[in-house]
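So that you can tell them apart, the chains are marked A, B, C, D, E, F, G, H, I, J, K and L in the order they are listed, and the count of residues begins at 1 in each.
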Amino acid sequence: MAVARITEIIGSSQKSWEDAVKNALERANKTLRGLTGIEVTKMNAAIGNDGKVSEYRAHVRITFILEG
Amino acid sequence: MAVARITEIIGSSQKSWEDAVKNALERANKTLRGLTGIEVTKMNAAIGNDGKVSEYRAHVRITFILEG
Amino acid sequence: MAVARITEIIGSSQKSWEDAVKNALERANKTLRGLTGIEVTKMNAAIGNDGKVSEYRAHVRITFILEG
Amino acid sequence: MAVARITEIIGSSQKSWEDAVKNALERANKTLRGLTGIEVTKMNAAIGNDGKVSEYRAHVRITFILEG
Amino acid sequence: MAVARITEIIGSSQKSWEDAVKNALERANKTLRGLTGIEVTKMNAAIGNDGKVSEYRAHVRITFILEG
Amino acid sequence: MAVARITEIIGSSQKSWEDAVKNALERANKTLRGLTGIEVTKMNAAIGNDGKVSEYRAHVRITFILEG
Amino acid sequence: MAVARITEIIGSSQKSWEDAVKNALERANKTLRGLTGIEVTKMNAAIGNDGKVSEYRAHVRITFILEG
Amino acid sequence: MAVARITEIIGSSQKSWEDAVKNALERANKTLRGLTGIEVTKMNAAIGNDGKVSEYRAHVRITFILEG
Amino acid sequence: MAVARITEIIGSSQKSWEDAVKNALERANKTLRGLTGIEVTKMNAAIGNDGKVSEYRAHVRITFILEG
Amino acid sequence: MAVARITEIIGSSQKSWEDAVKNALERANKTLRGLTGIEVTKMNAAIGNDGKVSEYRAHVRITFILEG
Amino acid sequence: MAVARITEIIGSSQKSWEDAVKNALERANKTLRGLTGIEVTKMNAAIGNDGKVSEYRAHVRITFILEG
Amino acid sequence: MAVARITEIIGSSQKSWEDAVKNALERANKTLRGLTGIEVTKMNAAIGNDGKVSEYRAHVRITFILEG
């Protein structure tokens, strides 16, 4: 039977949390294969000197199938 | 005094979590009346073979007034 | 060494949760200085008589540096 | 063997949380049979313009036996 | 897009927790269609006068597709 | 320095949760000395065949000083 | 759109938890305006030398509208 | 009214978690009377040098009636 | 002093959760050395069209010693 | 197989949390045998009139083997 | 009866978490009176380019009496 | 935008938890680059036959930047 692994990464973006998740997923695809699902577990952000969000950050738990 | 009930449903969408919530709410309106509030309790997604999100899923707790 | 404080506020919007967070942040900037970060801890909404979201609400924990 | 179901409802009262629980239970008895237990999971309240509680609310998880 | 609902039931058995889950699932199949998944969230038991388990109980969250 | 211990007991009452806590505390005083504090961690109840509460139950964590 | 803030206070009473919540709310009304809701998050108590409750304490999260 | 106490013990077994729970319960019966219920709160295990489970461990919360 | 790492994997089985844990452990032994313990953190399952469990899944946190 | 029990105690110290844990452990050794492990679950402190810590307190869960 | 308030601050230090807590407490004493207790709820740290801790951070919940 | 990963390791020490964290961090620096932060999520310890701590253990979540 298949066995999967879960890893937690943090994506970031200057545009939105949705984009931060997308960036996390893109990076994961560079080194992992067999991705089957994600879950967003935390949405936070850094605030700049102007009092606005300077970096959106999304914590993402990624599930992927372990081969062989 | 009014009594309300809470039910948990999962909406899905190919576009976004915001849309998944909207789909959940639309479906709830077909069978429930007196909806007063929602809370998003989980945001996850299925990933397709191309490594991208194939289906956004939002867990939504829905509160509605129980009549009579 | 710097000491920071965390306060919890609730932003609202008729458009989206993203906008509700922005409104919370804008209001915080009126009375607080030295904001360094935020975390979204809850996303809920009020539903109107038409069964649609009438007000998006985002609970936001805000961190800011305490001066002197 | 018996199978039970758990449903979550919110009772309200202008007098007390104890009364809000009672109202929730009374309403549940109108549509459900075989109730065996309850658990209070949240006690909150709405505050009126006079700064006093205008409505006590109790979240109640209700267990009841599923027949046949 | 499909919308699913989650309901929580409690199965019981005189043999084991595994059997209690099975009983919960069998009962759910009598009234629900489109079941897609379950999660065991609690395993407890009643103890008889002889100090042994008299009834195994498993809390099970069941997900099923809402039609139409 | 003093060392304290925490023990968890469940009081019951046919009148109210407040009374169930009192019963728990009275029983604790029979066998324990040096009680300094309590915390109510759960309020549940058994429901009788008439659909009303037959027994209020309060889970209470009790702190008491360990002598010598 | 309105922005609200949540603050956590602890009310106390020699009579009951219900009274401890009321005391917390009364004190909040002295310095805060626009209160809209409360939630009781913890109920504990100090025990006196006679083994009885000497002071009921209720932790209360208070929501109030931030003006302007 | 009856007052109960909850104690937490850890049973172990070389066969299974089910057996570890049974061992915990057997040991509890040696020193406690009036057991009414158990809840399994954690299932872990030690792994031996061969990479297989060498000891199953089950954390069990046991409820028993306090006499007199 | 030794340093260990914890990784989370999901084992699956068509027979039971016990077997799903075993499969997770067997797969872990292929790529990891120095395993010392496991903890089962979630037990869920996929349901087939016949309303029965088609795949048991166990989330397992695995601890292993980091060499050198 | 061995069965262990977990008990929760609170150690205190005027010097540090590390010392409060040590005091808790020393006291436990007076009445318990077969201690195998501890976990610190809470670190709090009382503050004196001078605004400084007057007593460090550490909540400690202690595991010990139950004999025979 | 006295009413207290809880506020959450983050102390930092280049030496240790113990020192970070002390810094948080010192800062709190500048603007707050009637402090009665603290609880450490989180211990994290920033890591510098040399791979070592550059700043210890302790999240501290502070309780203080509200006057009049 | 940068993407980071979080991994959980357990450091140990015969001296203190502070030292256990340091050991965990030192080991992480051998195989990971771009460490930016840590969080201590659990502090436990093994107790020896003399009833004293034989090994302090600290669970540490480590965040590090994923290159390229």
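Heads up, the rule we're going with is that contacts are C-beta pairs under 8 Å (C-beta built on N, C-alpha and C of every residue); 3 or more make two chains touch, one makes a residue touch a chain.
If you're wondering where the values come from, they're calculated on a predicted model, not measured in any experiment.
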Each chain counted as touching subunit D and subunit K at once: G
By the touch rule set out at the top, what is the minimum number of steps from subunit F to subunit L? 2
Pair in A-L, B-C or F-H that repeats H-I, with over half of contact pairs matching by residue number: B-C
Where the centre means the average of the CA atoms, what chain is farthest from subunit D? L
Measuring between mean CA coordinates, which chain is farthest from subunit A? F
Please report how many Å separate the Cα centroid of subunit A from that of subunit F, as a whole number. 45
Please compute the C-alpha centroid of subunit C, do the same for subunit G, then give the distance between them in whole Å. 23
CA centroids of subunit E and subunit J: separation to the nearest Å works out as 39
The positions of subunit L in contact with two or more other chains are 28
Judged by the touch rule stated earlier, which pairs of chains are there in contact? A-B, A-C, A-I, A-L, B-C, B-D, B-E, C-G, C-K, D-E, D-F, D-G, E-H, E-I, F-G, F-H, F-J, G-K, H-I, H-J, I-L, J-K, J-L, K-L
Which residues of subunit K touch subunit L once you look at their complex with the stated criterion? 16-17, 42-47, 51-53
Quick one: in the complex, what on subunit A touches subunit L? 7-14, 20, 23-24, 27-28, 30, 55, 59
Residue positions on subunit D within touch of subunit F in the complex are 18, 25, 28-29, 35-40
Under the stated contact criterion, what part of subunit D meets subunit E in this complex? 1-6, 63, 66, 68
